[in-house]
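The following pair of complexes shares a single chain, subunit A, combined with subunit B in the former and subunit C in the latter.
Showing the complex of A and B:
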């Protein structure tokens, strides 16, 4: 008997044996589950809907009387809260202003070029794109001339990057919220981030302790490598993730 | 009913009004546009235009053209001068302006027109010293003040702001610092026609004395005429975005095979000071009211 008890105390998730949680009318049958093709988004929706309904039931059973009040009164509640928040930020401003030295220095002298002259770090990627001159093609039809100047080429490269970022939401309208759900698009994202990093290194190529030609080649190779690795890893993780998700789901609501 | 909608009836009077209003709007637009084009294309001052110049050839990087060369003369006492011909007044398109230009004979019956308009780019055209008849400016090349002794330790022997002298460069045959090879050339950073002006409107120059220039002078008449005793001088303003490049200044230049060349660290432009060729530039006009 004791053997039997211990078996029953653990819910069977493989569909065999009697489940501990009694299935009700809401629980889908195996057939219904098979017919479901929308996948994770549908599943999430069901979870949320169920939670909402439970909340609603709880509210209806409760003896708490809701008053017809839309918010807190401006005085004193809101005023005191707002004063506290603004005092905090004003205090932070004063504190920072007092602790940090003034940063205004002499005007730049165009007759002297500093040893390290670079834009702010968060613009390195864009600065790196301006240095794409080596891949500006020389067309034989123009007698070996470039169709556009290296400067224009670099600016257009920026436009291409912005365009690519803008177009991604139109290409992938999926509802995935985790990289593992769509390994391909996750790989594209990782490749993009890697490209931003490598073009940043191209921007500071003259200071980096690597040969500029190697830096330049790596700028295009590394994103591809990173994207490939990401794709492979996520594809592998997918199996385990799906298994985990299914296990949780069936533990909660075992099939009939 | 022909007039069911709320629009007025089409009539001769209405057509007339439409014509008058449309015509005046159109002519107004045309006049404004023409005035705008005239205003924006009107030359703002004298001088400038497309011209040929001699300079260090651009080897690498985004710079559009080479660094312009300053012809050098050495006076009786051995001080270096940049050639600044006697200013003359010319009239062009109803505008009178001053130019400093001269013909330099390069043999074979050919000559080169040297004009100080070569240096009217990158805002230099607004500098006091670039005006042909600038008050109180002479042709002498002077050392920087303060001296860049960190880059060129030999400059510790000279006085900041002094005129450059031939004897200061006596070690040029084997001079070297920690950048590039020794014996390529002895450099000095300085200013030209920039006495008693604010630091940001000093004309930066680069002077190199090198055996290579002496060798080049043997077969190149232009070099022979403008680079006496192995001296060569450039206006040290990058033709790309007007930074001040350096010769044998930064060790990072070796990444671009520029350790013995002029290297601009802003966008990695490289100029070869030992490859002088005729190039073309669009010289900018000096602003009005200068003359």
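Showing the complex of A and C:
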């Protein structure tokens, strides 16, 4: 503290002036300055240098084919294509809006509960998840009580669905892209889509002329069935697909 | 450094010897006048740079390199779903701004004022019915396009490394799109809106610890009323547009940086 004070009271005699110094030959280059750092910034610098070198090496090794012509031109080719697609799409929107205008229901009335309460169609699946009460487990150690309310169970189901979708890229690795190359993940996807549809049906069950118990069971059975069929079909297709690839391969490089 | 004028190019002599028409001469004089003041020539470099950024010397794409284009063209419409949701979003923004001129969130009176204003828009305003119809349909189509876009990305494995971050931004955008739809659904303050809001409040209250706080925050209380409508309105026309537009820009920016995951 006192040391600091005495430093401040003394006039600066080292020529540093007000703090901003014009760059001259003495000013270190970016690189020199970075090499002088320590700790995390030093680590960052070292990593970036490595990454840059890695990029350069990769570029030198690569046999990537570059075109000798410019790419698909933004003007007019790409622009006209985009304009055409956009106009078509906006036209489609206007057509829908003109032919199927929305209605305005009765004004809000807290005293009268309508017979059918439904959100917009894209939330049916979420609304269906709120009705999963029957599979909310009753724990015998709690004397048959449920560990959480049915409402909380439904809200958590929504969170679980979103979480599951979000972590997909961290579970499914590798370079496979086509469904035939990864029957398991395609089956998961088809099962998920099917589950979205069946939970939607659960949500609108008071509109469907089916026993609610049957819809509820089907909500879990149908996705499983769909996933299994997808898996079987894609697995079978993969045999043919790999056969085709192998045949092409051996035609190019016949075995000795 | 002196501010004395140095020799300048004699542009006027050059103009005389060129023997130009009046239009050309006026144009050049104006250009020179502005260039003297703003040194436009310095910005030519930026234009040139942009030209090369747009007309990139592209490497051959995967489909070109392996001549897959003939097999994959029929999948290409599925690759337009992302742009479709953006176009629908823009249409909804435009019509939404126009609708906003005639709408105000208020539950006062019978029927509630918002509801009465919607009746006015649909019955009395020129093109009001069509405007609401377009707004609603573009919202529906945007949601559908976003869901289908996600399915396309899933089934073509386009979310894989190095595109995980964009997938997560996409999931957030999906949730926000649905939130956009929900907050908009509540604005007419009709029976459907009221009871959908009721479900929302009950969902929030079911959550332990933070549930009551969330209900206060988002719905303005434990029962529906003027605060709920006001909050839904602000979320719909102020908060969500900024957040969603920024996230869409980020989403598309990352696609631009990383390139489109092509079929293979």
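Following the convention adopted for this analysis, the second predicted complex is superposed on the first by the 134 of 256 C-alpha atoms of A that agree within 3 Å, B and C clash if a C-alpha of one lies under 4 Å from a C-alpha of the other, contacts with A are read in each partner's own complex, and residues count from 1 in each chain.
Definition applied: contacts are C-beta pairs under 8 Å (C-beta built on N, C-alpha and C of every residue); 3 or more make two chains touch, one makes a residue touch a chain.
Everything numeric in this text was worked out from a predicted model, so none of it was measured.
A.B. asks: Once the structures are superposed on A, label A:104 by its partner contacts, choosing first (subunit B), second (subunit C), both or neither.
C.D. replies: In the superposition, A:104 contacts subunit C only.
A.B. asks: For A:151 in the superposed arrangement: first (subunit B), second (subunit C), both or neither?
C.D. replies: A:151: touches subunit B and subunit C.
A.B. asks: Based on the superposed arrangement, let me know which partner A:115 touches: subunit B (first), subunit C (second), both, or neither?
C.D. replies: The answer is first: A:115 touches subunit B but not subunit C.
A.B. asks: According to the stated criteria, A:133 is in contact with first (subunit B), second (subunit C), both, or neither; which is it?
C.D. replies: first
A.B. asks: Between subunit B and subunit C, whom does A:165 touch in the aligned arrangement: first, second, both, or neither?
C.D. replies: second
A.B. asks: Looking at the overlay, does A:212 come into contact with subunit B only (first), subunit C only (second), both, or neither?
C.D. replies: Touch partner of A:212: subunit B, not subunit C.
A.B. asks: Return the chain, subunit B or subunit C, that is in touch with more residues of subunit A.
C.D. replies: It is C that touches the greater number of subunit A residues.
A.B. asks: Could you pull out which residues of subunit A sit against subunit B in one structure and against subunit C in the other?
C.D. replies: On subunit A, the overlap between the subunit B and subunit C contacts is residues 107, 109-110, 112-113, 117, 151.
A.B. asks: Could you list, by residue number, the parts of subunit A that touch subunit B in their complex?
C.D. replies: Residues in contact with subunit B: 107, 109-113, 115-117, 131, 133, 150-151, 205-207, 211-212.
A.B. asks: In the complex of these two chains, what residues of subunit B are touching subunit A?
C.D. replies: Against subunit A, subunit B makes touches at 62, 123, 199-202, 204, 242-246, 250, 252, 255-256, 264-268.
A.B. asks: Where on subunit A does subunit C make contact in their complex?
C.D. replies: Within the complex, subunit A contacts subunit C at residues 64-67, 70-75, 82, 85-86, 89-90, 93-94, 96-98, 100-102, 104-110, 112-114, 117-123, 126-127, 130, 149, 151-152, 154-155, 162, 165-166, 168-170, 172-179, 182, 185-186, 189, 193.
A.B. asks: Using the touch definition up top, name the residues of subunit C that touch subunit A in the complex.
C.D. replies: Listed in rising order, the residues of subunit C that touch subunit A are 54-60, 65, 80, 83-84, 87-88, 91, 107, 110-112, 115, 118-119, 122, 129-130, 132-134, 136-138, 140-141, 143-144, 147, 150-151, 154-161, 163-164, 167-168, 171, 175, 178, 181-182, 185, 188-196, 198-199, 202-203, 205-208, 224, 261, 263-264.
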